[in-house]
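In the two complexes that follow, chain A is the common piece, with chain B as its partner first and chain C second.
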Partner chain A sequence: MKVNIKSWTAVAAWRWDMPEDDVCGICRSPYDSTCSKCKYPGDECPLLWGECNHCFHAHCIFVWIRAETSHGRCPMCRQEWKIVAKVSQD
Partner chain B sequence: MGEHVRNMEQTIFQSVFPPSFELRPSPESIGSPSAQAEYMDAWSTATRFLELGDISLGAVESLGYAARWNSDRFPDFEAALQTLTSHGLGSNQDEGNLIEWYCFEVKRHFVTVIRPILESEWQLNVPCGEAFTVLKRTVTILTAAKDLYMYPLLIHVFPIMDTYMSTNDARQKVENRLHAIFSHHLPTKRIYDALGFVMYSTGCEVFRTFRDHGQPLLSDYDPVRNESFQHMSELVHGLREVGLAGRGAQVAFARAMDKLMGEFVIGQWVESDPYGQRHMTPALIRWIEGAFPTFMKQVLVNMADGSNIVSETDQEIVKWHEMAVARLGKARVKSLFDFITHLDVSTGGLMDIKDYIATPATRSQLTASFSQQLSTRLLHAGTATTRILDVYIYIVRAFKVLDPKGVLLDRITRPVRRYVRDRNDAARVIIWSLLAEVNHGAPLESTPTMSSEIAREINSLELETVAIAPVEDVDWDNMTWMPDPIDATPDYKKPASEDVIMHLLGLCEREVFIDEVKSILGEHLLRVEGGQFINETRLLKLFTARFGADKLQACEVMLKDMETSRKLTWPIVRTEAYRAASRSTPGRPRFKTHIVSSFFWPQLLQEVFDIPQPVDRLCKGFEQGFKKVKPNRRLKWLPALGRVTVELELKDRRVEEEVPTWNATVINAFGSTNSTAPVSYTVEQLAEDLSMKPFFVRAALTFWAAKNVLYERNGTFTVIESLNDYGNLGPSQPVQSVQPAEPEEEKPNVDTPVHRQMILAMLTNHGGLPIERIHMMLKVVLPTFTFDADELGHLLVTMIGDEILVNQGGLFSLKR
Partner chain C sequence: MLATRRLQKELQKMHAQLAPGLTLVKAEDLTEWVLDMRVLDDNPLYTGKTFRLKFMFSQKYPIEPPEVIFVQDAEHTIPMHPHIYSNGIICLNILDKEAWSPAQNVESVCISLQSMLTGNDKNERPPGDEEFVRGNTRRPRDINFYFHDNAV
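Up next, the complex of A and B:
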């Protein structure tokens, strides 16, 4: 008997390349979830890494930085917030 | 006792008819002794003349009594009567006294001669079939008796008395007295009962005969043309002539007509139309306003005071009208469950009910009656959940017609909602049904997990018309737009089907629905080979409209993942990593990956095993490509999920099947380029070679054995290269060896060694599972498993009894 596999539909789960169960320090949601404003994870609600090596939902850190009280610092380590050019892009 | 009764009768009688000696005025009041003597002589002559003696019924009926009052026999009667009347001049006392005396005489004669004859006729309850005859005979006898009693008065007494009082008045008076005597001494209750029956049966015959001609205009009907009716009319007329058509007869008639109406409405119409195909109220009203009063009036004119009652009749038609509609409605309401479950034919019956439920009283009668019907016919353990849901849909549809404002629906469906709360598969069945594919034109039957009516409703709903938010804006370009009715609910403008579905989504708790839809949608999306996901999108829109968007994010993500995967695949398959893998894969299968957002999907099957080499290469290439395209993400393969189309080239045939990945992996192991030697494996060998749990291996092998691709002997599965050879392999049949031959039974048995083995293998791999899951998996791995969840439940309970399984909080697992 010859077996021809004509089509194969596989299933794979994606997650951010972060330790499992880690949460965004701002919204406290898992990285793999979304910020409080978004509906869909992934491209629509990406993550941003800072030079201080902290990571947040992009929307969460944007809102944070825009607030005057933040003084442009990372909410976790109080260092100046600078984005690492490690943004998830196609 | 008898003495007492007789005394009683005597007392009553005397108060009505004083004995004769008291009637005779005392001669002292007359004056001179000679006048007194003359008066006494005259009295004696007159009374002797008028004596009835014991004239027999025979003589009465043959008029053989006429000679008795020949004036030749009593030449002095006229003079005596003159004497008697002259003494009482100025007052009618004396004639009265003589008449009184005569009435007493009549009573005596009637009681001694006529009554015994009639009593023998009426002694027992008259059989219905003889009622008319006996009545007729009674009328004949009484008429003859009356003729006798009136005869001497009419011939001899009244002409002389005419000087003093009007003969007509006197005659009327005496007739009244006679009638009183008759009815007092006859078993009138039986007579009126019999009369009522004759009236009722005549009515039945009249209207039944009438109905034989189909459905002509009832109001045009003239019952007088009917022969039975004429006989009955004559009878009534005869009874009236002997004073038996008074109050008692009228009551009997009223009862008979009431019964007739009931019989007519229920027996002739309602029972002949159990599924409510005809709207009967209009025809009934035509009958009630036309033929029925005609019939009534014709009878009433033959009764005493007829003319009076006829004018009342016209006023009462309105009342009858209401009564008839109420009767019809009440009877129709009893069949409401049948109407609702046969909605395609029962619109007429529903309209009758709609006509009926115009008042609060009738509406609450409807509610009470229907909830009774629901509890006896639907809401019990023997009814499948899908059936309950089907009927629920029927109810919603029916009440949209019956009560468009929806007030009743809420009340009516309360018992259903309460009951369904205890059916823990209800939410699942609803969701499965909402996701069911409907092949238009193909008949749709409900299954244990799918309600065909729900599927029908949802599929009649255009995706575009599903309102995501409550509709508030007015479409100004829509010329047919109408303002909402004052009491309309905000979602008034939603399409009918959406309304039905919304009712459905009120059946279970919001949390239950949301939990179920998450898990079902997850399984469902990975199973269907969908391009558009119309059903799934529509389901989500409805759920969002009903429960709000916040709880349904996971579902939205799952659905979006399907689309995102497609878009993402394109850049990935163009990466060098993937193209290299693809190039080195023989046969170049169409390879596709659903990339799911792990956080939002329900617990997915984590089974790991060795997928076929070429596919594994493709996966690795795909994964590298993914890392290129989405650098900050990781992929985790879920090899037990997904679908595969395999084509098997055998010596004499090709077999193509779409199967789960684990199943494809198992059959792939039997492949070889050298077709001369068929490949063989045992479950254990394959489990080890593929690093796959034996449960899946066995399930896959069973599947292919059922397809006659493999056969089993002594635990070893071998490819059937040629069906001809297979026929020569001996008596052992592959399918039978997988599923041992069972004695032929009319009913398939759920408790088989194979099923038990499957359940054990499944629970070995999975730990505790709910029954629905076991049921689903059994159906997945055993295409022959057609039992429903209840039947499976029996097997599981038996296995608990055998101390093989335990049930902990609804999860079945192996007893340790």
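Up next, the complex of A and C:
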């Protein structure tokens, strides 16, 4: 038997390579969702890991670090905030 | 925007579950909330009493701390504590810009205040309470507290 495919519809899902129900400590939205300013999750609203092993939406941690009172420290552990990596997609 | 969405999240979570001794009294908008707090142990200074807290949020919450005060009315008094002025203003470092972290939230602040009362055995007001309360015209945000006493 020979089948001719005339059309198909592909569906894909993605998520960040992160524990599933965890939330960003700044905006309290899930990592898989966006920061409070963005509309669409994904590359445009990435996650950042700090050297201290804490992770936030990039936009959230930037707002905090820009605030003078943050003294450049991680909101969770108060160690100096240094980016080690962007989170990759699963 | 950050404040709105973050407060909505907190409210959702608080409606579902709230730490023991805490009750949400009023949260009609996202600028001012009222919560009642009881101390859970049997500290004789506070047993059987319910204290009322008012939280005020700026547009910059949670980058900036909320302003938090104890409220006095017909049913509620201001708890006696060497870091709580008789007008309800609270001297607690995590409520100050310099020590605040956006990882804190309304519930965690309430729990800190609960433990601040639990650990206290001094039936007194801060030094200079009378002058401060008489002369103060500033809101909590604009007061620079000097945190010197880590013992209480």
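Going forward, the second predicted complex is superposed on the first by the 78 of 90 C-alpha atoms of A that agree within 3 Å, B and C clash if a C-alpha of one lies under 4 Å from a C-alpha of the other, contacts with A are read in each partner's own complex, and residues count from 1 in each chain.
Keep this in mind: a residue touches a chain if its C-beta (ideal position, glycine included) is under 8 Å from a C-beta of that chain, and two chains touch if they have at least 3 such contacts.
Just so we're clear, the structure is a prediction, and the values are computed from it rather than from any experiment.
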Inset, instruction - Applying the touch criterion given at the start, work out whether A:A12 contacts chain B, chain C, both or neither, answering first, second, both or neither. - result: first
Inset, instruction - Could you say whether A:V3 touches chain B, chain C, both of them, or neither, answering first, second, both or neither? - result: first
Inset, instruction - Classify the contacts of A:L47 with the two partner chains as first (chain B alone), second (chain C alone), both, or neither. - result: first
Legend entry - Which of chain B and chain C A:P75 touches, first, second, both or neither: second
Legend entry - Superposition-derived comparison: chain B or chain C, residues of chain A touched: B
Inset, instruction - Tell me which partner A:D21 touches in the superposition: chain B (first), chain C (second), both or neither. - result: neither
Legend entry - Touching partner for A:A67 - first (chain B), second (chain C), both, neither: second
Inset, instruction - Look at A:K39 in the shared chain and tell me whether it touches chain B only, chain C only, both, or neither; answer first, second, both or neither. - result: first
Inset, instruction - Could you tell me which stretches of chain A are touched by chain B in one complex and by chain C in the other? - result: none
Legend entry - chain A residues touching chain B - in the complex, by the definition given at the top: 1-17, 30, 32-34, 39-43, 47, 86, 88, 90
Inset, instruction - Enumerate the contact residues on chain C facing chain A in the complex. - result: 1-2, 4-6, 9-10, 13, 62-64, 97-98, 100-103, 105
Legend entry - Footprint of chain C on chain A - complex, ascending: 25-29, 35-37, 60, 63-64, 67, 69, 75-76, 78
Inset, instruction - Could you pull out which chain B residues touch chain A in their complex? - result: 526, 529, 549, 553, 556-557, 560, 564, 571, 587, 589-601, 604, 612, 614-615, 618-619, 622-623, 626, 629-639, 641-650, 656, 661, 664, 667-668, 670-673, 675, 678-679, 709, 719, 721
